[in-house]
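Each of the next two complexes has chain A plus one other chain: chain B in the first, chain C in the second.
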Partner chain A sequence: MSVKVEVIEGGVPHNTILIAGVVSTLVCIYLTYLNVVTQTEMFSFFGGLAVVAALVWGSHTIKVLCSYGIGTGVPSAGMIAFGSGVIAMLYATRFGMLAPVVALILAAIIGLVLGWVSNNILNMKIPAMVQALTEMAVVGALTLMGFAALITGTFGFEGLTTGTVTMFGMTLLTHQNSFIGGCLIAVAFLLGAIAIQHPFNACLGPGWTQDRMLMLTAECAFLSMIVAAIMSFALISAGSAIISLVIAIIGWVYTYKEYMALSKRDAHSWLDSKPIPDVEGQ
Partner chain B sequence: MEHIVFGIGITALAGALATVAGSAEDTESNIGSQGDPNSQVQLAPQMGFLHRIFNKAVAGEPPAYGLWCCLGAGLAWAFMAMQINPVLAIVLGAVLATFVQGVYATTAYVGRTASLAKFGQPVFVDILKSMTTVTMAHAFIAIFCTVTLCHLINTALGHPFPLPLLGLIWGIALGAAGSATGNPYYGKERQYQNQKFGAGVPISASGNIVRYAEAGERNSIDNGWFTAKIGGSASGICFGMIVFLELWRTVVFEAINPWYAIIVGVLMILIFTVIDRYIEVWGRKTYGPYTAPKEAEA
Partner chain C sequence: MSAVAAKPAAGSAMNPGAMAVGIILTLILVGICYVMSPGVGLMALIGVIIGGILIGFGTHFVPVGGAPAAMGQAPGIATGVAMLATGAGVAGLFGGAWAAETLPATMDPMMQLIIVVCAGAVGGGLMMAITCMMVNFLYVFGMGIPPASGKVANDPITGDSQAEYKSQGTEGHGLPFVSFVGGVIGGTLGGAGGTLIYFELLVLYENALPGLMNVTAAQVMPIAVSAAGMFAVGLFLVNAVLTAYNITGTIEGPHDPKFKRWPRSIVASAVASALCGLVAVLIVMPLPI
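So, the complex of A and B:
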């Protein structure tokens, strides 16, 4: 059995983050359904907020899992989260309004199987593995769905595979100019996979603090939302994309400043153009 | 025949772009201590060796460059879908991807260093400002060249994959080429110039990286300057050859018979395996104390 090398001390318990993460992510994804109800694309930005909520929860799950010496780097956890999540997400998009719930259930099953395989067949025997991989598959699936809703304004299969192209003043339907046909899903995959693993990867060490890591996750998520909002200009109306972009920029500036303040609080010292300080005993 | 000649021209251009990209990528990652040298930079303060080396491990190079190039390509794709000229679209995509890279670099350095507070390692703001901008400049060149070669593969050679997927694939390949070729020169050689050449890193020397320069204290731009000469060029040749040979065998042989391209690919792997083995054995015999590993431990 693997030895736990880091201990979580203080802060918000993981189960609270888990419940808050699931609820807020699902609520935000469903709020993008207002696009269908009101026949606009103005509510696409809720997809970006779902990404933020899911990633905050997911990065804490990575902290729980990678506190054990798992033998692979922290980035691998992000890759498996999205690798397992993308299958569930793509399948679930066929279920119309039920898509987010189907994605959650299907991803949980895939994660459970992967966790069982890791612990019992690959013999990794890490206590947190099954729950963590289950959670991360769900996070991966819901994050991708959030990106899909942010960029295209919908989470249905038709909307993700069909776009329009204007030729000589005529508007034609095409599969190439779409979220899946144009492979923007690959960009969403990597944006999420790096954003979910980076906070723990960047904050690990003896001086790890929960609030700093989670603030960094929110920062990474808003940063991803900025670029995803820019890509959404190609697929949704300019006004809706501008709303997403403005919200993302405000969120990113706030979280970046807060993260730097928290890092300043935790750092030993904050020096500008100074030589290496003397260490006692040298 | 004409389209084969045209294809070989595009192949040569893509190979040249890839060479520049590989060279810039390796220099960027070395200035950021990304990849395998990173563990020693992270370990040094814990062993009592405080330093002024930049440490921006976002992820391993392949996933990190997978993201930067895929993002650059995705943004370029989106701008082109908005009827923007491809040249401008690729430049804008690369600029925005570089911005994301720069933000990730700052948060990685600040976060890692803050977590080492117990060992007295300070955050050097001047390092943060000067190194991040230099890595961003190199990252821009690497991303721009890679996205451009992906666009050439897509439009000029008619590859069926959309631009973002090509960006993902070639970005990961770029990161892997830089990580495998250029990094050892920094991680095994530059960081341990105070050890016997070719001795590897004994456990007793772990974390004892070179922290002082010819004049004053060494920082990561010194490392970038050092590795750009050989490590960067080697990475550039590596990625350039990967792109050139891969496209060359497809363009030339696929027109005759698709199976020929696959057979030529397998033959190339066999030839390179033989060359690599020969060079490794020759290198071990000619340099370094590898022939008697027990003596090195003693």
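So, the complex of A and C:
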């Protein structure tokens, strides 16, 4: 039996995943704006769906970059994605309604410069480097913005730095009980960074299949969303947090089952592991 | 180009043209900061750039072994650059942040800066010293291999010969004395750099955020600490990964031939820190639109 090489070589082309990732992430983040329109916090869960979409796109970008054997391990790619993403995201929150678009543009600029630095000053000379680092900075920034929207229901600087605390029946404004002031952003940072680097690290090798890796990414992303949804109990109303939590658990159970099915499909069979095939699009 | 043909191409060659462009880019970014926020913002950006350079340079000293070291086939600590540099930097950052909290506010700002950066440097160096020692315990008593370098015939510091202790088919194993010393120096420089970034941004935010958000200085503290800390971690990771790219993943310490690549890393860290630092400074400026 010979293996289906075409699945290993590509499946869905990377550019399709890129466009679908950008559009669905931005749409999902903007859907949390329904919170402001309807004066509720029920639509915060769209932030979590934005996280899932961004991470699925990001893990495929890591696959494109790390196919070249950059010699530093796959986790470093996830770390630079979020290291550059958090800087763009924090600045972009200042722009209110425009925040997701500003985060996208600013992260793209930072990623572009970092890619140029790696390729020219550090002499990496890897063809996919500039585009991959650009995409990854954008993924990092949008993932953190998605987490922010999921946990607080908003993505503006005011909403992320201001919370309320109830003491003796009085509601007081506080800055400590907030996404940035309480440093929940640090937890969101690592939840995203682990979820983005794990799938390719776990699935790489001659038996790599795209659908299995992307399903694992979705599983990791929903797992992160469960934790973030639990954290959101502190900052948004309990009903809205329960909606996020239920959606995250349903998504995680579904993707986990699918991933196990795909793993069983790919295991227990003889693989004619040919020499490493060329990556798609090169 | 195929994936097979494009193996890590980062040789030791310098690219003078790109490095010149990088330095000019850094100066342009500093100039933008000078125009938008002279004074306290510019000071913060210069501190961030110096901190980033310290991180990039310091990481070259740290003996990073990666996966081969985990199997005892190469010298160094058995993990990646990003993990080690982050560990040293965050350990240093905690030390420096603690010092920044406990110092009296009436103290001379320059003296504060020196104490905080020194506390961070000690924290980072201590973390690396403990890591290096425990790694050697594990190698010697757990795996039963003697520390030996594969890159030099004699240890540059102690003068001990290495070849007799090196197993055939490996590039050396364990942490020789020079790697241990390199690790401590690297942790010290990394911790100092991370803390310098954190402290400069913290001072900037403490001064600028109350006016921006119309709140008191005490109320703004959690946001200033958290935002400065997140920017410091982000900058730390960017600089650490760029350095990892420079040394293509593994290095034995200051005696490794790859150590000679440090000028590239300094320029790269300066560009990356200037860009990211400019964004971090601009967050407290009034919006341009």
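The criterion applied here is as follows: the second predicted complex is superposed on the first by the 259 of 282 C-alpha atoms of A that agree within 3 Å, B and C clash if a C-alpha of one lies under 4 Å from a C-alpha of the other, contacts with A are read in each partner's own complex, and residues count from 1 in each chain.
Everything below uses one rule, namely that a residue touches a chain if its C-beta (ideal position, glycine included) is under 8 Å from a C-beta of that chain, and two chains touch if they have at least 3 such contacts.
These numbers come from a predicted model, not from an experiment.
Engineer: Scan A:183 for contacts with chain B and chain C and give back first, second, both or neither.
Structural biologist: A:183 contacts both chain B and chain C.
Engineer: Which holds for A:259: it touches chain B only (first), chain C only (second), both, or neither?
Structural biologist: So A:259 only meets chain B here.
Engineer: Please work out whether A:69 is in contact with chain B alone, chain C alone, both, or neither, and reply first, second, both or neither.
Structural biologist: second
Engineer: Taking the superposition on A as described, I'd like to know which of chain B and chain C A:125 touches: first, second, both or neither.
Structural biologist: second
Engineer: For A:175 in the superposed arrangement: first (chain B), second (chain C), both or neither?
Structural biologist: second
Engineer: Report for A:83: first if it touches chain B alone, second if chain C alone, otherwise both or neither.
Structural biologist: In the superposition, A:83 contacts chain C only.
Engineer: Which partner does A:198 reach: the first (chain B), the second (chain C), both, or neither?
Structural biologist: The answer is first: A:198 touches chain B but not chain C.
Engineer: Identify the overlap between the chain B-contacting and the chain C-contacting residues of chain A.
Structural biologist: 73, 75, 79, 176, 181-183, 186, 275-276, 279, 282
Engineer: Which of the residues in chain A end up touching chain B in this complex?
Structural biologist: 73-75, 78-79, 163, 165, 176-177, 181-184, 186-187, 190-191, 193-194, 197-199, 201-208, 212-213, 216, 219-220, 223, 227, 230-235, 256, 259-260, 263-264, 266-277, 279, 281-282
Engineer: Using the touch rule from the top, collect the residues of chain C that touch chain A in their complex.
Structural biologist: Chain C residues touching chain A: 1-4, 6-11, 13-15, 18-19, 21-22, 25, 66-67, 80-83, 86, 213, 215, 219-220, 222-223, 225-227, 229-231, 233-238, 240-242, 244-246, 248-250, 264-265, 267-268, 271-272, 275-276, 279-280, 282-283, 287, 289.
Engineer: Per the contact definition, I'd like the list of chain A residues that touch chain C in the complex.
Structural biologist: 67-73, 75-77, 79-80, 82-88, 90-91, 94-95, 106, 110, 113-114, 117-118, 120-127, 161, 174-176, 178, 180-183, 185-186, 189, 275-276, 278-279, 282
Engineer: Taking the complex as given, what residues does chain B use to touch chain A?
Structural biologist: Listed in rising order, the residues of chain B that touch chain A are 42, 48, 50-52, 57-60, 63-64, 66-67, 70-71, 73-75, 77-79, 81-82, 96-97, 100, 103-104, 107-108, 110-126, 161-165, 167-168, 211, 216-217.
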